[in-house]
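So, here's a batch of structures to check.
What follows is subunit A paired twice: with subunit B in the first complex and subunit C in the second.
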Partner chain A sequence: MKDIDCTGKTSRAINQEIRHHIQAGETELRVQHPQARHNLGVAILQPVSLTMSGSVGYYCGGLIDGPRIEVQGSCGWGLAESMLNGVVIVNQNAGNSVAASIRGGTVVVRGSASSRAGIAMKGGTLIVQGNSGYMTGFMMQKGAIIVCGDTAEALGDSMYEGRIFVGGRIADLGNDAVMAEVTDQDQEFLATTLAQYDIAAPASFQKVVSGRRLWQFDKKDFDTWREAL
Partner chain B sequence: MSERPVVRHSTTWKPETIEDIQAKADLGRYRIRGFSALRDRPLPSFDDLTFVPCTLSRIPLEGYREKCSTRTVLGTRFAKKPIEIDIPIMVTGMSYGALSYNAKVALAKAAARAGTSTTTGDGGMLAAEREHSDILIYEVLPSRYGINVHHLRQANAIELTVGQGAKPGTGGLLLESKVSDEIAELRDLPPGVDQRSPCRHPDWFGPDDMLTKIEELREATDWQVPIFVKMGASRVYDDVKLAAKAGADVVVVDGMEGGTGASPDILLDHTGIPTLAAVSEARVALEECGLYGTVQLIIAGGIHSGTAAAKALALGADAVYMGTAALIALNCNKPLYVDDYQAIGAEPYACHHCHTGRCPVGITTQDPELMKRLDIDAGAERVGNFFNAATLEIQMLARSCGKSDVHALEPEDLRALTLESSMIAGIPLVGTNVVFGGGPGWKPSSER
Partner chain C sequence: MCGIVGFLDKSGNRQAAVGQTLLDMLSALDRRGPDSSGVAVYADRGADACVLRVKLGERGPFETLADEVVAQVKRLVSVSAVHIQGPSLRLVVTPPEKPESLERAIEAVGNSVEVVSLGNRLELVKQVGSPANLETTYAVSSYVGTHGIGHTRMSTESRVDLSHSQPFWAHGRADVAVVHNGHITNYHKLRRIYEQQGHRFYTGNDSEIIGLYLADRMTQGASFADALQTSLTDFDGAFSYLAASADSLGYVKDPFALKPLVVTDTPAYVAIATEEQALRSALGDDFPVWEPGVNTVMTWTVERRDREWR
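Moving on, here comes the complex of A and B:
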């Protein structure tokens, strides 16, 4: 385990240090005193393990492909945005747009997630152990979102595809988001995925998918389009 | 013999207006089309300005002999590797999806041939586009379709796109006929949907957030390549200042004449400001920030010739983007396959049916048979030739104004042919020494 102390350093210097150690062959790194700096651990493309010993700012683990990043605190906006593959875990709460536009990998929020969690997801899995905010899964394209707690308004608004599972209460559904039956295959996916991160599954889940009414313009469905456009 | 009745057309209920109402009565929604603005009323444009070449008060360069540099450098503010291109004309971002494979590769080859850059678009990077282009700009758009860190790191510059001139404030459209299985897979979408791109980025909203996003992109590319910020021309004076202060190396402003593969037509005709006004506001904005010359300015939107490009440079741009003009050089709107134009309700020279996916000349289509009509190498040669011709036009005008570098063109080399262009661009009206103005692009003659 290689330690990097952020005290008195810029994000630039910290990231350079991280890359230097990875290039030197280190596979386990601990970033101490991150103090909510932005853009830590961006664009890491190697299967290394990175621990942030504290809270981080915006875009931690953004644009990564392969590493495992654990944030031992909370995070700002856009955790793991556009990730291709890897695992990013935040032990407390996540700011807006966690897992925005990820195309693969898994993001785990052990606390609650703020607005637009899983926005525009193109693959991968987002797990929120607590509650999630307004417009969770907005314009989601693929992948799965698992919220063990409650979700705020406009869940799954304008989603193209993908699956959203909610263990608690759904405040309301967004445009063209509809309830669907939880299949045996879904149950198996939920059990396996949550067990992987030692998360106790709620008693039951509700499932939300796309109603597919926004897939094509339809003049006969004006009420839907008035809301959506 | 009865008198022939006088046919009187209303100026309110013109044939186009009647046809528009009846089309919407059938569609039940706004109309969607491609191409560019089709307004009845002409927009103020670079055509409203004229160059005032050397006579006795200035000395020209020999038009066909003396050197006139066209070398253009972009991204000198923070990037370790600014872009160096041979000409001040670049290919703007147009997606693989909106355009065919053949069109994208032809543009990449043409750009390489002309010593300039091409840009990806709202669908990610095409491997062949990277392979055939020397300088490739990777767009990071609100949709993030096809976003891939490996592609990002192969780029020579990153363009963080906030909007486009054809439809500022809204997202892109790709209608079902163009969302083929391949395009759908690249964008992680269901095949055959009407794809509606978001207008906001998923993980940032305003300029304060954008500052952090720009830093993230720099970290992802190790501060090597320039970061552009592209916007549709709207409140340019304020928006350019915000982009510059957020840390952009290069600001791209796309005027309302900018083209698109598909857009609600009201947005094409009734939103944004003309490119002439955009460049004027952008220059003053950068000057007032003390960043003119430090942050480079690229102007786009209806740039159709070397003359328009030269006027944009004189008004303050470092380079221009061409999109529609490059497609026209590829054969867009050329009278070939006339029956196929008519089958989609168009005519050569008046086709704006890119949204249908039935492009008769194989440019804005995903149909393999139509695509074959565009020969990649022949198309690349035509676009390369057009860029060369436009470059010669810029040089010709620059030499006539006594400039040995096209970037030395300046507002003093221009005069306005109309009152409104004088007011917009802050250029004296011909026959007077008076600048009629008052907007952000205007300065009294005592301060010029």
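Moving on, here comes the complex of A and C:
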């Protein structure tokens, strides 16, 4: 375990230090006193383990491929943005747009997520153990979002594809998001995925998918389009 | 892009280090806006004293102008202290019967003269430049009290000078002040309505309308919390703002969730900031933070949390 102390350092210097240690062969790193700095642990392409001993700011773990990052506090906007693969876990609450545009891997929020969680997801899995905010799954294209608690307004707004599972109450559905039946395959996916991160599954899940009415423009849908744009 | 911060002590300490805390939070956010900065700190001064802050102009010398303003103020209220700090004249006066008449009288002294703030508990200072400069001019770190708000500005659409800096005092309403991050997109429409009613606008800054709106609503009988709540439907745009009154602090988070804001509410204090790093660098790591949901307002008073709106 290699320790990196952030005190008095810029995000750039800290990231260079992380890279330097990875190149030297370290596989376990701990970043101490991150104090919610932005852009920590970005663009790491090796399967290392990185612990943030505190809160991180915006875009932590962005553009990564392979590492496992654990944030012991909370995180700001865009956690794990555009991740290709890897696991990013945040132990407290997450800011806006957690797991934005991820293509693979898993993001776990042990607290609650703010607005636009899983925006434009292109694959991978987002798990929110608590509640999730406004426009969760906005424009998602692939992958799965699992929210164990409640979701706020406009869930799955303008989603193209993908699956959203909600264990609690859905405030309302966004444009062209529709309820679907939870299949046996879904149940198995939920059970294995949650068990992997020691998360107790809620009694039951509701499933939300795309209604696919926004895929092509139809004059009959003009009102929906006007609302969506 | 601006940085806004707020702090309220819940421990009953009437002399908490509010100035130092706000300054620490602002310093962590200063790259969000280096154009200007300011704070509003609320402290006990006794019922018979009001702090009156007057901007003399953008450039000195101000001595003659200051003498004229003081002479004018003395015609309406008694003055117990006079200080010039940079372009700002600070007077301690007895509470005026009609704050608006006092304002008009002072502003009649010269074109560059503006009343920046008036309040029984409010101390409001701001200027062009970073939070570090604010400390050099006003020794903000020495301000104690119960609660306060602060701002560091990146201007996107109006001038950079003292008048356009924040916090904005709600003209005509003692002690109410606001700091804002975002845009009020129906500003011009609202401004025309207020101008027709005879309100004066001091700047071309859309944030100025918030204080005016709150003052107007409260003068009509709304509570501080109610005025914040109705602003959610009366304002359009992407905005996060904080407001404070003599004994309260509150946040308003817009219906689009496009402007960041994080909050922590501990048994000892409430702290709110644009970014979490402001809270961490000023107050440490031992508390959870969260982002308020869309369309939400929450207010606290110095004694207790008031109520939650959704």
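Here are some notes:
We take it that the second predicted complex is superposed on the first by the 229 of 229 C-alpha atoms of A that agree within 3 Å, B and C clash if a C-alpha of one lies under 4 Å from a C-alpha of the other, contacts with A are read in each partner's own complex, and residues count from 1 in each chain.
We adopt the following convention: a contact is a pair of C-beta atoms (placed from the backbone, for glycine too) under 8 Å apart; a residue touches a chain by one contact, two chains touch by 3 or more.
Every value quoted in this text rests on a predicted model; they were computed, and no experiment measured them.
Which of subunit B and subunit C touches more residues of subunit A: that partner is B. In the superposition on chain A, contact of A:F222 is made with subunit B only, not with subunit C.
Of the two partner chains placed by superposition, only subunit C is touched by A:G73; subunit B is not. When the two complexes are overlaid on their common chain A, residue A:T51 makes contact with neither subunit B nor subunit C.
When the two complexes are overlaid on their common chain A, residue A:Y59 makes contact with subunit B while staying clear of subunit C. Legend: residue contacts after superposition of the two complexes on their common chain; A:Q129 is shown touching neither subunit B nor subunit C.
Of the two partner chains, subunit C is the only one that A:N93 touches; subunit B does not reach it. Touch criterion met: A:S11 reaches subunit B, while subunit C stays clear of it. In the superposition on chain A, A:R116 makes contact with both subunit B and subunit C. In the superposition on chain A, A:N175 contacts neither subunit B nor subunit C.
Touched by subunit B in one complex and by subunit C in the other are residues 38, 57-58, 77, 96, 116 of subunit A. Across the complex, subunit A is touched by residues 27-29, 143-145, 147-150, 152-153, 176, 187-190, 192-194, 196, 198, 202-204, 209, 212-213, 215-216, 219-221, 223 of subunit B. By the touch rule above, subunit C contacts subunit A in their complex via residues 257, 260, 262, 275-277, 279-281, 285, 288-291, 293-294. Residues 33, 35-38, 54-55, 57-58, 73-74, 76-77, 92-93, 95-96, 111-112, 114-116, 133-135, 152-153 of subunit A touch subunit C in their complex.
Considering their complex, residues 11-12, 15, 38-39, 42-43, 45, 57-59, 62-65, 77-78, 81-82, 84, 96-97, 100-101, 103, 116, 119-120, 122-123, 139, 141-142, 160-161, 214-217, 219-220, 222, 225 of subunit A touch subunit B.
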